[in-house]
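Listed next: structures, encoded as C-alpha cells.
Paired with subunit B in one complex and with subunit C in the other, subunit A is shared by the two complexes that follow.
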Partner chain A sequence: MVIICNGKEQKVPEGCTLHQLLLQLQLDPDTVVVECDKQVVKRNDYEGTVLAEGQNLELIRFVGGG
Partner chain B sequence: MRIKVHEEEQEVAPGTVMADIARRFSGCDLFIVDGCQVAGTYELQEGDSCWCLRKGGQVGRAELERLLYLRHTPGVQQVFGRAVVGIMGLGGLGSVVAGALVRVGIGRLVLADYDIVDPTNLNRQQFFVDQIGMKKTEALAANLHRMNPYVELTLHDCRLSAATIPRIFADVDVLVECFDDPVMKAIAFRLALTDMKSMGYVGASGVAGLADNNRITTLCHRPSVCIVGDNESEARPGQGLMAPRVGIAAHHQANQVLRILMQRAGRPV
Partner chain C sequence: MLKIADKTFRSRLFGGTGKFASSQVMKEALAASGAEMITVALRRVDLNNPEDDIMANLDRHTYWFLPNTSGARDAEEAIRLANLARAVGRTNWLKLEVTPDPRTLLPDPVETLKATELLVKDGFVVLPYINADPILALRLQDVGAAAVMPLGSPIGTNQGILTRFQVEIIIEQARVPVVVDAGLGAPSHAAAAMEMGADAVLVNTAIAVAGDPVRMARAFAQAVEAGRTAYESGLGMQDRQAAASSPEVGLDFLR
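Let's turn to the complex of A and B:
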C-alpha cells in the first residue's frame, strides 16, 4: 500500500503502524512530530495508529543541540 | 520645513544639515536620524526626527531608557516594549536569544532552565568564567540587566515538561524553544501545534558543527509557528556545538520573534 510521506510516495506493508514506519525510516519516534491528514498525532498514539492507503503524513524530525 | 529635534517639533530652513543643529548643543559628536547614524553633512528632510549626542557621555535613567532604542527602526519599540517572550533552555541558543531580545527592549522575558553554569558551556553560551557554578537563570538575569536594566525578567529554575510548559508560559506572546534534547524539542513543538495554538512559537533543530552558514533557515509550519536550523546537523561525537553557528541560529530565532510580534500587532514586515 502507498501513503504520502513529506510529499513523496512511500510503500508500506498492510497493517503497518505509524511507530513501525518511523523505525523503518530509522527515526527515533520520540523526536518526531507527526501530522496525519493535517491532524497532529499524540505521541502515545504512534503505536496504535495503523496507516491507511493514501494517507498524507507530515513528519517533522528534531535533532539534538542547542 | 518641519523636523523633530530630540522629539520636539521645530521649523528649520530647507537645506539645514545635521551640523547646523549640532551647534545648539555643546560637545555633541554623534548624530542619529530615524534610527540611523549620520554624518554632520547629512541634509535634513521634512519629517526627519534627529538626535545630537555626546559619545560616551553619562545620562540619567529616563534619558538612557530612550537612548537605548534610538537605533531601532522607528515605531517598533512600542510593540517590543509591550511584548512578553518565553525562552525554554538557557544554553547556546537561549542565552543568545535572550541577549538579543533584551537589547531591543522586549517588555518581559520568562526564562526557564534547570541547570548550572559549567566550564563546557562557555564556548558558546553567554556566561562568564566567574559565574561557573551559578544557576543559569540567575547568572543570565545578572548579565541581561547589565545590557538593559529596564527589561522585566521572570525566572523559573526547574526542569520543563509537557505538563509544566503550558502553565509556566501561559501568558507569553511568543515562546522560543532552545532545548538541547531532541525529545523535549518534539514535545514542545507538538504543544505549539495543539494546546498552545494562540501563541507564536520559534523552535530550533540542526545547529551543530561547521556546516554552511546558509543552510540554516527559518521555516514556518503555521504563520506564527516556525523552526530554525538545517534540520540535520545534530550534536554528536565528532560534531560539536560552537558559538558562531549556534549563534546564527539563535539570531534567526530572535529576529523571527520580532517578526511574529510585528505581525501580531497588525504591522507585518
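Let's turn to the complex of A and C:
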C-alpha cells in the first residue's frame, strides 16, 4: 500500500507499524517525531500504530538553528 | 546564577546550533562557549540523509535544549511547531519565534502575544523572541512568558545593539529575565548587552560563521562574563564635562 511520507509517496507492506517504517527508513525512533494527518503521535504509540493506505505522515526532527 | 522558570544556569551565554560548517565544529564551539542552553530548530527529516541527526552530536545531559519555532509565520504555525518540539525533545521549553516577513525576519508582535498566552496555558515555558518593544515585553510577562528575548538587530545581520534605548527600558521594567537575542555580531556587542543589565545573550551566527568558530566562541564567553561582572560592579556615571583623574592640587610648583 501507499502512504505519503514527507510529501512523497512511500510504499509500505500491509500491516506495517510506524515503528517498522522508521527502522525501514534508517531513522532513530528516539529522535524523530511523527505527525499523522496533522496529529502528533506519542513516541510510546509508534509500535502500536498500524499504517493505513493514504495516510499523510510528516517525520520531523531537530536540526541546527538559532 | 541565572534563573529562568525553575531552572538555573551558570552560563549567561546561550548558543545557537545553526550555520556551522560541520557537526564537529559545532560541538567544539559549543564546548568552548560554555553554553548550557542551546537552541535547535525543527524541520522535516531529509529521507535521503537519514543519518544526518543533530541529536547524535549533542549530549542531552550536557545541554538544556531550547527548541525554536523558526519558520512559523503566525501563531497557528508556531503552536504546531511547539507541539512537535515537545514531542521530539521531551521538553516543554520553547523559544517562540513568529516571523512573517522573510526579508527582515522581524517578529510579529500580535501573533507572538497570542501564541504565548495559548502556549503558557498549555504548560509550555515560553521565551518569546520580540522586537525591542517595552510595552510588548510587559504584556508578555503579564500572560506568563518565562523570559523575553528582545532583538539587538535583525537575525543574522551582525549589526549589534541598534535598539539600545528600548532594550534599556525593557531591562528596567522586567520582572522576568531579559535575553538579548539576534544581531550580536561581535564580543563587544555581547559585553555591551551584559553591561546594560541583560540577564543573558543568545549568539549563533557570529560564532558559527567566524573564521575560527571555536576561538570566537571563547571570545564571546569572555565578553559575556566581563560584561556581567562590570554590571554587577556598578558602572560609573557618564558625563559631558571632563573630570581629571589625577589630583588637581599640588601643582603650585609649576607656576
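We adopt the following convention: the second predicted complex is superposed on the first by the 61 of 66 C-alpha atoms of A that agree within 3 Å, B and C clash if a C-alpha of one lies under 4 Å from a C-alpha of the other, contacts with A are read in each partner's own complex, and residues count from 1 in each chain.
The rule is short, and it goes like this: a contact is a pair of C-beta atoms (placed from the backbone, for glycine too) under 8 Å apart; a residue touches a chain by one contact, two chains touch by 3 or more.
Computed from a predicted model, the values in this text were never measured in an experiment.
Trainee: Per the contact definition in the header, classify A:Gly65: touching subunit B only (first), subunit C only (second), both, or neither.
Mentor: A:Gly65 contacts both subunit B and subunit C.
Trainee: In the superposed arrangement, does subunit B or subunit C reach more residues of subunit A?
Mentor: Subunit A has more residues touched by C than by the other partner.
Trainee: Once the two structures are fitted together, what part of subunit A is touched by subunit B and by subunit C alike?
Mentor: 28, 30-33, 35, 40, 42-43, 60-66
Trainee: Taking the touch rule as given, give the residues of subunit B at its contact with subunit A in the complex, in rising order.
Mentor: 89, 91-94, 178-183, 185-187, 189-190, 193-194, 203-208, 221, 227, 229, 231-236, 241, 246
Trainee: Along subunit A, where are the residues that touch subunit B in the complex?
Mentor: 28, 30-33, 35, 40, 42-43, 60-66
Trainee: With touch defined as at the start, can you tell me which subunit A residues reach subunit C in the complex?
Mentor: For subunit A paired with subunit C, touching residues are 5-8, 25-28, 30-33, 35, 38, 40-43, 58-66.
Trainee: Given the complex with subunit A, which residues does subunit C contribute to the contact?
Mentor: Residues 16-20, 26, 39-45, 47, 50-51, 53-56, 65, 67-68, 70, 80, 83-84, 87-89, 155-156, 182, 202, 204-205.
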